[in-house]
Amino acid sequence: MKMKSNTVILHTAALFIMPLQLMFSIFLLLRGHDEPGGGFIAGLVAASAFVLYAFSFGAESTRKLLRVAPRDLLAAGLLFGLASTIPSLLSGQPALTAHWWEVPLPGDGYLKLSTPLIFDIGVYLAVLGTIMIFVVGLMESDE
Amino acid sequence: MSSAVVYPILLPLLAGALSLALWRSVRWQRTLGVVFNAALLWASIWLLQEVMEHGFVTMEMGSWPAPFSIVLVADVLAAIMVVLTGIIGLAIAIYSLVSTPRGHEKFGYYPLMHLLLAGVAGSFLTGDIFNLFVWFEVMLLASFALLTLGGERAQMEGAIKYVTLNLFSSAIFLTAVGLLYGMVGTLNMADIAQKVAQVEDPGMLTVVAMLFMVSFGIKAAAFPLFFWLPASYHTPQVAVSALFAGLLTKVGVYALFRMFTLIFTQDVDYTHTILLWAASLTMLTGVLGAAAQFEFRRILSFHIISQIGYMMLGLALYTPLALIGGVFYIMHHIIVKTNLFLVSGITYRLLGSYELKDLGGVYKHKPWLAILFLIPALSLAGIPPLSGFFAKFIVIRAGIEAEAYVVTGIALLVGLLTLYSMIKIWAEVFWKKLPEHVTNTARLEGRIKDKHNWAFYVPVVGLAVCTLIIGLNGQPIYELAEKAATQLLNPQLYIDAVLGGQQP
Amino acid sequence: MESLMAYVIGILFAAAIYMMLRRSIVKMVIGLILLSNAANLLIFAVSGMKRGAPPLIPEGASAPLGPVADPLPQALILTAIVIAFGVLAFAVVLIRRAYEIVGTDDLDQMKDTDT
Amino acid sequence: MSEIIVAIMLLGGASFMLLAAIGILRLPDLPTRMHASTKAGAMGAMFTMAGVAIYFGDGVVVARAIAIIIFILITAPIAAHVIGRAGYFMGTPLWEGTVKDELRDQYDEETHKLYSGFEPGPESMIPPDNGGGKRKD
Amino acid sequence: MNPLIINIVYMMLSAALLFAFIRLTRGPSLADRVVALELIASIVVGYVGVYAISTGVSSMLDVAIVIALTAFLAAIGFARFLERGGRRDE
Amino acid sequence: MLLAVLSGFLLAAFAPLLTRMAGKSIGWLLAVLPASLTVYFASFIPQIQGGDALLIEYTWMPGLDISLNFLLDGLSLVFALLISGIGTFILIYAGSYLKGHPNLNRFYVIMLCFMASMLGLVLSDNLITLFVFWELTSITSYMLIGFNHEDMDARKCALQGLFVTVAGGLALMAGLILLAVMTGSYSLHEILNSSEALGSHGLYTAALICILAGTFTKSAQTPFHFWLPNAMAAPTPVSAYLHSATMVKAGVYLMARLNPAMSDGELWGQVLMLFGGATMLVGAYFAFSSTGIKKVLAYSTVMALGTLTLLIGVGTELAMTAFVCFLVAHSLYKGALFMIAGALDHETGTKDITRMGGLRHKMPMTALFGCLAALSLAGLPPLFGFIAKELLFEAVLEAPFWSTAATLAAVVSAMLVVGVAGLVAVKPFFGKPGNTPKDPHDAPLGMLAGPAVLSVIALLFGLLPFIPQNAVLLAAMQAVYGQPIDTYLSLWHGINLPLMLSGVSLLAGIGLLTLWPRLQPGLYAVNTAASRFGPEAGYFKVMEGITHIASWQTRVLQNGVLGMYLLIMVAITFGLTGYTLITRYGLHLSLQLGDSHFYEWGIALLLVVSAVFASSTHSRLGSVASMGVLGFAVALTFILFSAPDLGITQLLVETLTVILLVLVLFKLPEFVNLSSPFERYRDLTVAVFAGVVMVLVVLATLDIQYFESISSYYIENSAPLAYGRNIVNVILVDYRALDTLGEIFVLSLAALGVLSMLKLKAEDQHKP
Amino acid sequence: MIGFFWNVMLALAWVALSGTFSAMNLLAGFIFGYFVLLVMQIKVPSLNGYARRIPQVIRFVLFFIKELIKANFRVAYDVATPVWYMKPGVIGVPLEAKTDVEIMFLTSVISLTPGTLSLDVSDDKRMLFIHAMFLQDEDELRRDLKELERRILEIMR
């Protein structure tokens, strides 16, 4: 026995909650080096956001929202992760040696950019891509 | 430090990621497959050269000092294993060009293959116990995915067993790592070894050693933990079978070698005696299992188990010669077993079956293929002067010299039964007249000529040449194995290489 | 607490193993989840459990103000959790496909590939 | 002073939670249980967070506590709605003391359409204000 | 914070946790279990708050944020299960 | 020398090519190699004559004490000459016999390999190298026996030969290693020259048994003799020849070779005499009682091998003399006879002697050489066989022990052999013309050259025995005996006991021959009965047994029931762990739980009840929901014990896990109780046992902390060196980033696996 | 305009979450919010006139808290006493609210209040079905709901 699954309430709510979750995920990603968070957790939160969307609007719609295939997100994540080894290898250090750059910003700020951050972004994308593959794939195979 | 030690891991990882990124272009993925695996082979040979020059090559990842960083360590054994990985990888990459069904190629075969190799290389090179767990998982997941790729019924059934039993093994591994960390507070294997050696009452270490033994025993398919292997290895497409057959179980064996020479040597009488009996029964049950089979790849699968027993025997006897034998056996077996699976794939291509009753007449129509089968098959059975003979000889000589007569007797008997199985295949597939019910013989009789058949034969010939070289020119290989064994028996060398002078 | 956890871990192991031994593949998957939780808790317990001292460094400080919980096992467990999740996802899809193809979730009916 | 407020907040929060738990355990059917649990649980969490905000008094913590409260306010009713709805439509039996059910008759199980009763023409089956009654099962 | 209050609160939360779990085990319908699970998520938020106060570690609040933002997804998942034809009385 | 040994292999590699190029005359072409080898080996005669040994050294695998050293002395030279000399004729002969055979090229490949292996075997100084060639002869012989591989019988016989010889070979390997362990050397000449008394060494008996197991199987000693006649069922007399004249002598060669070293223990002589004598009788009897010409010859070979073994066992100077002479005589006449048999079969189209007769008219030359060889076989003067037989009688008469029995056996077998010789030579060529499928003519030159040369040589050696004696035989005798020998071969020793025994056996033999047609049915019945209980039946029992045990074991172990697999694994894991814990560490139960707060007890309780409920409920989703609770409880544990990152991760993962499960589950059936109560209690017992072991292990581990954790380094350096304040995250992305890198790849692999399982439909797959 | 509003909201949410009140952080939040909206832009509903309604919002919040506590005590009382006082049932309430956001907001608030639970909205969005715990006085309940709806629409429109 099946029934119509979506309602206006869930749809609308999803559109409110999802941006909050995505914001939160980016936040968790960027401050993960200093406070609880990091690429995994952030990626999982981001994935939750898209899962909510997928449950509300369906897999097809989620694909459209993402624009890139989850697989490509995953590949990008892996390549980011590997890219973080490049600076160390180029400079003849052991792989995954951290490199830090301080990019001055207008005003008094500095943007701290580092290979661990690139790495964490890779983790974020990979986790997101992976879970999207799981969920969207499973949902599509049901439909 | 030499960066040689990191490339055998990074290259396949990169290849995997790139193949994934190039998902839509099978053509590019194929090219990357061959190019990167050739690069892997090159990198691994480079590593071996470096190791031969310096004894050990290490890299403290992230430039943090050992034991706080994950250290990649290549000793001779690890370097050998990585070279073998490179050889098998390249062979499989070439073979895959023709053997892989289109659907598999479109659904991630190449990335999976690369990442499997990455997991294998990582397992060989890491000097960190938890990192070993991670690489094991990489390897395991890649093998899961490869095993199920294609989604046929047999694959699913096989995969469920494979997955469950291997996950159990992983959980035990993780548990053991946790317990070990709880006791010695470190993860670096050299550091663990050094600390374990100072422990006065190592009873609990032996307990943890048992967990490691079981976990790696499952991965290695040792008696009585091998069930997952015969249930699954014959189910995927043949290049995958070959890859598994050659490399995967050997990672378990490698881990056993590593743990039970470097770390758990505090109670050798106990631990290695258990290993000894496990090894004997592994040899025996494996070979008997094969004797009951009538399917090409199933026979070969059971033989993996029995051969694992020989390798474990080398470890269990724990004499210099025995370890040499174990290492030699690993080298020989990886090449030979992969090759046999590849040959089975060719006969499958010719006649469309792996069942012995549906095969026949290959010797008549394809004598060269028959020779290409005989080389690895007789080598596996330990017929001189092929590689397997010397491997077996060393182990048996070590057994006799260690006065382990019963076990040696079993090893000899198993050799005979191995020959029996190989001859069974030979007689049924090659000698026997083509059964009358087999009608699709156009390929066998050469009436259909496939365009890229060279890709089937190049790896098979290449591996056969390796077998012949190991056999006929065994001295350098022996010396290599001897170097590896010497290092294994002197853990202090490893410890010094990783931790340097600075001891925490 | 660690001693108490020892008993909890033991029970989790027992429950996990009991579930893994069932013939239904769904139960088996639940067994696997239990097992990985048990292993994670085990690592957590044997490397020492500390109340109220997360391994964080306050802003501006160069080290935690007091003794903190061991961060290393936490990192290991985090890795293990994520790995277990990936494995689990694979496993559930596998059992679903297996059920679709084989038509039963009774493991005892899946013995074609052996012997 | 703030200590007392914090204590009250904490105890209040815990009480709501306990109430929710007792409610969920005692109440006779799904919707009534949800009246207790989803809301009281959320209330409890919000009270506790208010206590946390007051206790720490630090800008960062306050901001976070407020964020938590807002998030709970947004997500809790959605969850409640989704479960309650699913539970209802899947035919989870209602308590025998239920006095009326105006939805049942507006729902077409064949087409999965839910009517408002304001539709023109034959589609409308029963006007909303004078129908209702107990569900048959 | 007064340890007595903390302990009382803990005790109440523990009792709540237990009751919710009992409902989860009893069912009888899936939705009942899910409601219980949701309540347990809320109680965990309560735990986190009390714990943050009793130890003075505010970074634990992030856990509560995560629960607040994502825990309800499980309920949505279960609802989907029901809607797509799963059995309600499990 | 190395080239000489390996040249056979090299030529084999080119044989297919040459066959295509040379066409009909390929046999003659290829025979150039063994012919030149014969000359080459003959050129060593002057150096060897005096009893010296030449050692030609090549390294191979020094690390394993394996060298390619060649030891050339009288014994090996005799063998080398026989192998290459007879080989020459065989190659020529095969060219004619198999003319036009489609697989002639493959035949030559195997044949040349075989010849080269034999040469290597008899020339090797290194025990392992010798063994290498030994095994090669087994394999090549297998290929030859099974040459007509589409015939199932051929395959079966080939397997039988291989299985028996390789089984023995493996024992031999152990024996050789034991020998090396005893003597400290893998080099034959060192072993032979060492003065150590092996007979009293603790490993002597073991080594002896192992070595003899190898040589007896290879040389078809009773009870392993059965494979040899079956190998004769092989399609060509050419390959059958190999099993008669040379290959099976590998075992004899090795016994002779090791005789000086091994014979200082009494066991050696006794065992050899016992088995040799028995083999001699068995061979002689079956030779006489068989009908197929090749069977007859095969059993007479068995008899000869027994005789040779017996002689080594006797071990006296005289016995060694007899041994060498008998060896040479046998090779000459047996080679000739097999080629004759082939010629007969080739010309008449049948292998059954009973159908032949009076062929001397149609095949005069064949008849002539056949009769010469048969006379040598029967041991009649003036052929070399006579000298050998006389020496045999002399040797057994003077045997240090069991002399009477040995003599009796020798006489009986000599008598039967006379009968055999008669069967082979008289029956086909004399008497009434038989009814053969083909109209016979004299065999072509290629097929007659061998018998002619060999039988003439047998005649010459009989007339002028001092020639071979001085050339190599004496040196060979000394090599076997291990000491200088002073002997002089002659045809006529005067009228003595041996001569009278010869006479008796000759007459009795002729008598038997005349009775043969009448005896035949009775013998046949005896043989049929014997075959049911004989060693061959034993072989089949063993083979059946292997299959039986194998399939039984597979049924029991690899039974396909995953639950069983897991049960065994769990039992092993925790049984081993528990056992080790108790025996290596001991039981230290710590029951101090007092340091836990009550709310921690609550969480512990929740962990336990949620796990127990999840695993005991009948409701699938109840179980899943309970797993959710477990996830929360685990997260709470992490949170309460200072692991916020873990807590968050656990919560998120738990939520996603529940989602995945529900996404998948509604496609799956509900929980059903599939197992019986017994199975459930059994599993429960095992599970509880595992749980108890884990409790004990964890409790024990909690008591132990040998070393401080290395974590203080991470804690101290995170902020200053890694610029991060969340130490766990710093570990994940910096200190131990490699773990994390691996981990995202694990995730990606899981994703790939899921992707293909969900998307790859069966129909996409088999497209090329 | 609407996009800008949401963007500011998100930037503020960012600041609140990170707890660092600095211009840089706000800017960062703005940028990230921008990206989030970029993702969300397909589905962002229309909203307008937010700023004017702050006082109304505060009044509503107070009203809501009062209702919340009142209703909670009512439920608590019934849960805590042994005999059931409640008279539960499902009733249909006609909707004034038109847009999806209005409906969502209303139903959420109704669901949050103990004693009432939004079950579903009819397909034509004109009728809201709720489960109510205390139907002793159905008319009063309907009046209360109307009042709630009025206040909500007041701040939303």
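Annotations for the structure displayed:
Every chain is named by a letter (A, B, C, D, E, F and G) in the order it is written, and numbering of its residues begins at 1.
The rule is simple: contacts are C-beta pairs under 8 Å (C-beta built on N, C-alpha and C of every residue); 3 or more make two chains touch, one makes a residue touch a chain.
As the structure is a prediction and not an experimental result, all values here were calculated from the model.
Shared contact partners of chain C and chain E, listed by label, are A, F.
Note on connectivity: the fewest chain-to-chain touch steps from chain C to chain G number 2. Of all chains, F has its CA centroid at the greatest distance from the CA centroid of chain E. Counted by C-beta pairs in contact, the busier of D-E and A-D is D-E. Comparing the CA-atom centres of all chains against that of chain B, the greatest distance is found for G. One inter-chain figure worth recording: chain A and chain G are separated by 29 Å, centre to centre, where each centre is the mean of the chain's CA atoms. Between the CA-based centres of chain E and chain F the separation comes to 69 Å, rounded to the whole angstrom. In chain G, 13, 17, 107-108, 118, 120-121, 125 are the positions where the chain touches two or more neighbouring chains simultaneously. Counting partner chains per residue, chain E has residues 13, 17-18, 30, 34, 36, 41, 51, 57, 59-60, 62-63, 65-66, 69-71, 73, 76-78, 80, 83-85 touching two or more of them. For chain B, the set of residues touching two or more other chains reads 13, 16, 20, 61-62, 69, 130, 134, 137, 141, 144-145, 148, 151-152, 160-161, 164, 168, 175, 179, 181-183, 185, 187, 227, 230-231, 292.
All chain pairs in contact, by the document's touch criterion: A-B, A-C, A-D, A-E, A-F, A-G, B-C, B-F, C-E, C-F, D-E, D-G, E-F.
Chain contact summary for the complex, chain C toward chain E: residues 51-54, 56.
Touching chain D in their complex are the following residues of chain E: 1-2, 5-6, 8-9, 12-13, 15-20, 22-23, 29-32, 34-36, 38-39, 41-43, 45-46, 49-50, 52-53, 58, 61-62, 64-65, 68-69, 71-72, 75-76, 78-79, 82-83, 88. Chain C contributes residues 1-31, 33-34, 37-38, 40-42, 44-59, 61-64, 68-72, 74-79, 81-90, 92-97, 99-100, 105-108, 110-115 to its touches with chain F in the complex. Residues 597-599, 602, 605-606, 609-610, 613, 617, 619-622, 625-626, 628-629, 632, 635-636, 639-640, 642, 644, 647-648, 651-652, 655-656, 658-659, 662-663, 665-666, 670 of chain F are the ones that touch chain E when the two sit in their complex. On the side of chain A, the complex with chain F involves touching residues 32-41, 44-45, 47-48, 51, 70-71, 74, 77-78, 81-82, 84, 95-96, 98, 100, 112, 114, 116, 119-120, 122-123, 126-127, 129-131, 133-135, 137-142.
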